[in-house]
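Paired with chain B in one complex and with chain C in the other, chain A is shared by the two complexes that follow.
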Partner chain A sequence: MTADEVMKKSQAAFLYQGKDFKARVMMKLISSGGQERVREMAMLRKNYGAPGGEQKYFMYFFQPADVKDMTFMVYKYPGRDADRWLFVPAINMVRRIAAKDKSSSFVGSDFTYEDVSGRNIVDDTHTIVKEEKFVGKDCYVIKSVPKAADMDYSYKQSWIDKSDFLPLKEEYYDRRGGLYKVFTADEIKAVKGFQTITKRTMKNLSSGHRTEVSYSKTDYNIGIDDSLFSERFLKQPPKKWTE
Partner chain B sequence: MMKKFSLVEFSVERPKLIVVLTIIITLAFMTQFPKMRTDTNPKNMLPATSDVRVGNDDVEKTFGLYEDMIVLGIVNDKGVLNRDTLGKVQRITDAILGIKGVAARDVNSFPTITNVTAEAGTLKVAPLMTQLPQSEEEIKALRKMLLENPLFINRIISKDEKTTAIYVPLEKGANGKEIADKIREIIKKEKGDEKYYVAGDPVARDTFGAEMFKLMALFAPIAGAIMLLVRYLMFRDFFLSITLMMDAMISIVWSMGLLIGLGFPIHIMSSMAPVFLMAIATDSMHIFNEFYFRYRETKNKKQAIIETMHAVSRPVRYTALATAAGFAVLLFMNIIPVKVFGGLVAFGTIVLRVLSFSFIPAMFTFVKDEKIEQIAHAEDIGSSRTSQLLKTLAGLGIHKPKTTVIAGLLLFAIAILGISKTVVNNNMVEWFKKDSDIRTADTVINKSLGGTSLGYVVAISNEENFIKTPEAMSYIESLQRHLEKIPVVGKTTSVVDYVKRINRVLHDDNPQFDKVPETKEMIGQYLFLFSMSAKPSDLDNVVDYPFKKANIWVQLKTWDAQAMKDVVKAVEDYKKAHPVSMDFKPAGIAYFNLVWNHEVLWDMVKGLILALIAVFVILAVYFRSIKWALVGYTPLLFTVSLIYGVIGFTGKDFDMPISVMSCLSLGMAVDFAIHFVGRLRQRLAEMQGKESLAEAMLWTAARPGKGIMRNAVLFAASFAVMMFAPLTPYITVGAFIVSMMMLSAIMTIIYVPALITLTQGWLFKGGLK
Partner chain C sequence: MDRIRKKIKSGVTNRRRGSGRKASSLSVHIYAAICLLLPLTAAASDISLHGFLQGNYSPNVAESNSDGGDFKWAEERLQLKLDANKEPFQLFLKTDVFYDHIAEKADMELREGYLGYTASKWDMRLGRQVITWGLGDLIFINDVFPKDYEAFFSGRPLEYLKKGVDGAKIGIYPEFASFELIAVPRFEPNHFPDPNRFIMFDPMPGITNREKIKPSSNLENTELAARVYRDVGGFDASLYLYRGFLRQPSALPDNPLAPTRLTFFYPKLSEYGASLQGRALDGVLSLEAGYYDSRQDRSGTDPMVPNSQTRFLIGYQRQIWEDFTAGLQYYGEYMSDYSEYAKNLPPGFPKERKLHELVTLRLTQFMIHQTLRLSFFSFYSPSDGDYMLNPEVKYNFSDHIWGAAGSNIFGGGEKWSQFGQLDKDDNVYIQFRYEF
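Up next is the complex of A and B:
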């Protein structure tokens, strides 16, 4: 199997399972001094097309308390920056937000938008560095070097499980060649037969900051309607998705 | 006394043994040298457990801040907003991000700083300049973004568009000078009209640390060589001149060896110890001076040595005691490096004296008799020109005592006025000369941008999320405006600035919304919105996680401690006038400097006062008379007052180098008086009335006075070279020592005789003693 094929399978297993997906996401943003910030949201995702293709995300925030009822919608396109809309309840206004997928932090966490929704496979040159066991599982170790020079990292090294193609660990190296960011999959569960990472951590080694994410109430193929992804529902999200 | 005598006699009898012993001990101390550690960071003068360092660490952790930051200013007189200059900014920023020790993720410059804008109904949170503007229109758009955003003005762009800056935070433990050097290499590759300025506390601090050791290595030997030369000119004997040098060198090796052996790092203060010890060692000049006179009289070398030591041992021991005491009082201070320094020099002084009674007499025995004869011939107080001049000077005091005393008192009064103007302050940037790169950089950047020095004011509430209330926001905003009224405050930044910016941008860039929103929900949601796409540090730097604390950044245009003091006071005043349920705590490097200034310098002032008392007590014990102690005390008091008076008048700060000098000045300035008064009283006792008081004083001025003058000239000559150093603390030290030696010598020769003449009735009441 070539490195590109491994990455394609991994992308499908990690980010495109099922027709659609929902989860209650709990994010803990933890500073080097141990201070915590919490983000809690319902996340809904629907695929449009094959793995690597378009997706739509809908998020409803529970926490922090003062952003309750805030909603966030993303149309993700392969090959260009996503479109994003945010509903700000305090001023009852929907606003489009432009940000750089590659470098912007997702809700203040150590994940970038790209870390959450995935990176275009053709944007990097992938090579299989080696094959080795990681946490007892046989893995491909893939090195991915961005083709464009506008990334915060110079390359990424991923440990991809040979059996289910989920990334178990990713290491990000900065432009001085130093390791500065590490992703780990901390818990994997089968949900409706789909292997799903239900706990994950992104740790920034240079700032000492880390983000721990756990998924609960996960489910696949629940029949999310296309109409959900609209400004109307952004302002008034259907109850059944926000419980 | 008997014991000391036997040491001298023993040394004269067994000179070889003494020399060999000395060499062995010296070699033993030398073995410690490879273990040498240096610590040039003045910050470490306060222990890591001190309140201010703990407090600063805490604030840095809470807000994800960096202890140190370098500011690179880029100036183009035609304006920086053109493709060419912007391209350079982009390239330089990019290269800086690659330097090890730079906290790359938080470097702020055009290509990296977060910009919040509204474009065609879309809220955009992104770095200001993701790519180089391609056309005039794009540059125009950039200009608009810069000048309309108060977060940028005076931070990364000056109002006149001629200056921009790159803010480079450093990882903990990174060396500011090394990183500054790498930045300089990067800018060297750029051609064009732009001028570059590298500034910031870490640059000054670490450059000074590095330069200091280089200068010590350069100036200590130069001073030593000049001393050697001057001694040779005085005594015309190379061997003895070397002996005198060795005396100083041995004591330096012993004390530095002890310091290193005990595991202390060589600190910015203790690194000055060798020069000080060299200075103190010149006191052995009095032994030489007297020896030649005695030899002329006895023609027997051993006899002359023993007689010499008999005559000078008391004054020499007491001058050593006074010098050692001046430094030893530092042992009672609070700051550890100050204690170490005090102990180090006090130990070295004692070593010097022990050598004076053993090593030096032993070395004398090796000098050939004919040689001594030859030199001693010149030592006749009747024919020596120096002696004649000294007699004339002393005569001035003796014959016109009232005029002399009144003139002195007048000078003293003026000096006191000067002292009252003294400013206790330490400004490290000013340790560099006015035209130095570091100082120019600081001046240029401070003129056009918000300021290179940074302090924080942390607003603290007991209630979670309180910072998100409109009440807290408005309060912080008004406090910022209040602080900005202080002339040295160049810019303030807080979470309020971000909230106002988002409010405006969300409302289609309508300037009417450039204000604090009405509700807590709005503020909370705006901040969340901002955190959704900005760099995490943008928000972390200004609010803590539970929103109980907000950090106000205060950029200052000077490194003077007074600036932050003004800020702290302004905050207190404001809170008093406008009570609120928040506390305010200062932090940051500017605040650290303020506390450092207060703790370290006032500790030294305390030491100075303590030393003044200790020296007086020693004088009183030595003369066994309070009256004579007062007379002997005057040259010291005058010298110190005159010097500090001049410092006060010229507006020079009482800073660290000056404070270190103060200890030395006390111990040294009293020496001459001890010799003069001590020997005068000896002479009076010896002559038992066969000579008038005036005659005895003239003799003292001509004979021990010659030793005093030699000592002063030797000293002044070797330290004068320091005045050519490129760092102001060295110039200060040089000028200080030169003026101190000359003043106290002249004071002793002219003023003491005048004082004695005038008060003889009172002084000699009840006989000589």
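Up next is the complex of A and C:
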């Protein structure tokens, strides 16, 4: 199997499973001093086409209090920046957000938009560095070097489980070759037969800040209607999806 | 932004409060209706109660107020938001209680209060609700709904710039487009800065006998608004229609040659507009335009009623680096029948330009995991030379507490220009909020 094939399978397993997906996402932003901030949201995702293709995301925020009832919608396209809309309930306004996927923190966390919704596989050159066991599982170790020079990191090294193709660990190296950011999959569960990372952490080694994410109420193939991804429901998120 | 017209400020000290919607008879009716609906909340399957406690203080930094006061705003406020759902019904109430240190009294205000109904292809909201249309960042063309400019110039949180309307909104969602239809039986004007708190231009300061007349609530005066929107080639496209009244009053002198009394009224207005927004040039591009049909002065000969206008906006925002975004807008207001206006303007009155222009710049930098926000917003008018500057720092101390400090600085232009006339009203403000 080539490195590109591994990464394609990994992308499909990590970000494209099922026709659609939902989860209650709890993010804890933890500073080096231990201070915690919480971001809690309902996340809904629907695929349009094959893995690597278009996706739509709908998010509804429960916490913190100053963003409660805000909703956020993303149309993700392979090969170009996503379209994003934010609904601000205090002034009943929907507006587009101009943010770049590659270098924007998602709600202030250690995850970028790209970490949440995936990176285009053809944007990197992938090579299999080695094959080794990691936390008792047989893994491919893949080195991914961005083709463009617009990224914060110079390369990424991923440990991809050979059995289910989920990324168990990712290491990000800066331009001087120093390791500065680490992703780990901390809990994996089967949901409707789909292996799903239900706990994950992104830790910034230079600042000591980390973000812990846990999924609950996770489900697949729940029949999300196309109409959900509209201004109408951004302004009035359906209760059945935000409970 | 709607212009604070340089013609005549309605110096009528109408209502002291910014949002000004105290226990009017309609509010009483709404409260009564709510009391009747409260049993429904008991039956609701899903009830949430949230809100905040807030302090908001805005001392002057240029001069004292017209009445000698030192603050544009000083209050503590409690807001409660009740959201009760039993599908397909929703009841939403947002009520503020506050103590105003300038008027030295406590009061309450129903910010929003509506009953909603949701079906698969349509929905409805009945009651007091905030409606926001158009794409402008603090510039309003197709958002013809009421604003509170006193709140905006006094350093209050942005949400207080918008006022609710008392009416019905129906949304219809067939496959090919979405529709919003709005009927507002009771007219709500814009709220302009209180002349006791703000030093502003008044071309007829000698005439203190003033009264304000709002359109009476009847079928003929019911405001109607419609918006149709859909995706067009990856862009969000909207068309807008409105039939109602200008929310800025015009003055009618009892005797044009030697006036002793001014009657302020709200001229009839129709508005037709369109907007388009989407990704372009590595950012977000916004285009919006509207034609203001001044139905009581179509010939442009009445100097007291604004002429018809064409308003247009080009906006562009882009992320420059991580957590830093810049937004630029150019806005123009082109007066129809300008020669008629110029010919009929009484001597001694400041003359508006045929084309009024505004440029805005917004810079936003987030820091410390987006808990600290530094922002800067400015208006500058290339045609009139006046400006408004609003730098602000906001910090989220925790997930429940935030504070913001900023200032509103006005100047340039003439003593009657939109922002130039507020030259002596510079203020700094602080806002603290505990949200729950």
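Just so we're on the same page, the second predicted complex is superposed on the first by the 243 of 243 C-alpha atoms of A that agree within 3 Å, B and C clash if a C-alpha of one lies under 4 Å from a C-alpha of the other, contacts with A are read in each partner's own complex, and residues count from 1 in each chain.
Note that a contact is a pair of C-beta atoms (placed from the backbone, for glycine too) under 8 Å apart; a residue touches a chain by one contact, two chains touch by 3 or more.
Computed from a predicted model, the values in this text were never measured in an experiment.
*Asks:* Based on the superposition on chain A, does the combination of chain B and chain C result in a clash or a fit?
*Replies:* clash
*Asks:* For A:L86, select first, second, both or neither according to whether it touches chain B, chain C, the two together, or no partner.
*Replies:* A:L86 sits against chain B, while chain C stays out of touch.
*Asks:* Quick one: classify A:G33 as touching chain B (first), chain C (second), both or neither.
*Replies:* first
*Asks:* Is A:E54 in contact with chain B, with chain C, with both, or with neither (first, second, both, neither)?
*Replies:* In the superposition, A:E54 touches no partner, neither chain B nor chain C.
*Asks:* After superposition on the shared chain, which partner residues are touched by A:M70: those of chain B (first), chain C (second), both, or neither?
*Replies:* A:M70 sits against chain B, while chain C stays out of touch.
*Asks:* Taking the superposition on A as described, I'd like to know which of chain B and chain C A:Q236 touches: first, second, both or neither.
*Replies:* The answer is second: A:Q236 touches chain C but not chain B.
*Asks:* State whether A:D174 touches chain B only (first), chain C only (second), both chains, or neither.
*Replies:* After superposing on A, A:D174 lies in contact with chain B but is clear of chain C.
*Asks:* Looking at A:D123 after the superposition, I want to know if it touches chain B, chain C, both of them or none. Which is it: first, second, both, neither?
*Replies:* neither
*Asks:* In the superposed arrangement, does A:R96 touch chain B (first), chain C (second), both or neither?
*Replies:* Both partners.
*Asks:* Quick one: classify A:H209 as touching chain B (first), chain C (second), both or neither.
*Replies:* Both partners.
*Asks:* After overlaying the two complexes on chain A, where does the chain B footprint on chain A coincide with the chain C footprint?
*Replies:* 29, 31, 37, 64, 66, 90-91, 93, 95-100, 103-105, 107-109, 209
*Asks:* With touch defined as at the start, can you tell me which chain A residues reach chain C in the complex?
*Replies:* 29, 31, 37-38, 63-66, 68, 81, 83, 90-93, 95-100, 103-105, 107-109, 209, 227, 230-232, 236, 239, 243
*Asks:* Considering only the defined contacts, which chain A positions touch chain B in the complex?
*Replies:* 29, 31-33, 35-37, 64, 66-67, 70, 72, 86, 88-91, 93, 95-100, 103-110, 150, 152, 174-176, 206-207, 209
*Asks:* Mind listing the chain C positions that touch chain A in their complex?
*Replies:* Chain C residues touching chain A: 46, 50, 52, 85, 87, 116, 118, 123, 129-132, 135, 158-159, 161-162, 171, 173, 178, 229, 234, 236, 277-279, 282-284, 317-319, 321-323, 325, 327, 366, 369-371, 396, 398-400, 402, 433, 435-436.
*Asks:* Residue numbers of chain B touching chain A in their complex, please.
*Replies:* Spelled out, the residues of chain B in touch with chain A are 61-62, 64, 97-98, 100, 103-105, 119, 121-127, 130, 171, 465, 468, 506, 517, 519-522, 524-526, 528-529, 531-537, 539-540, 544-546.
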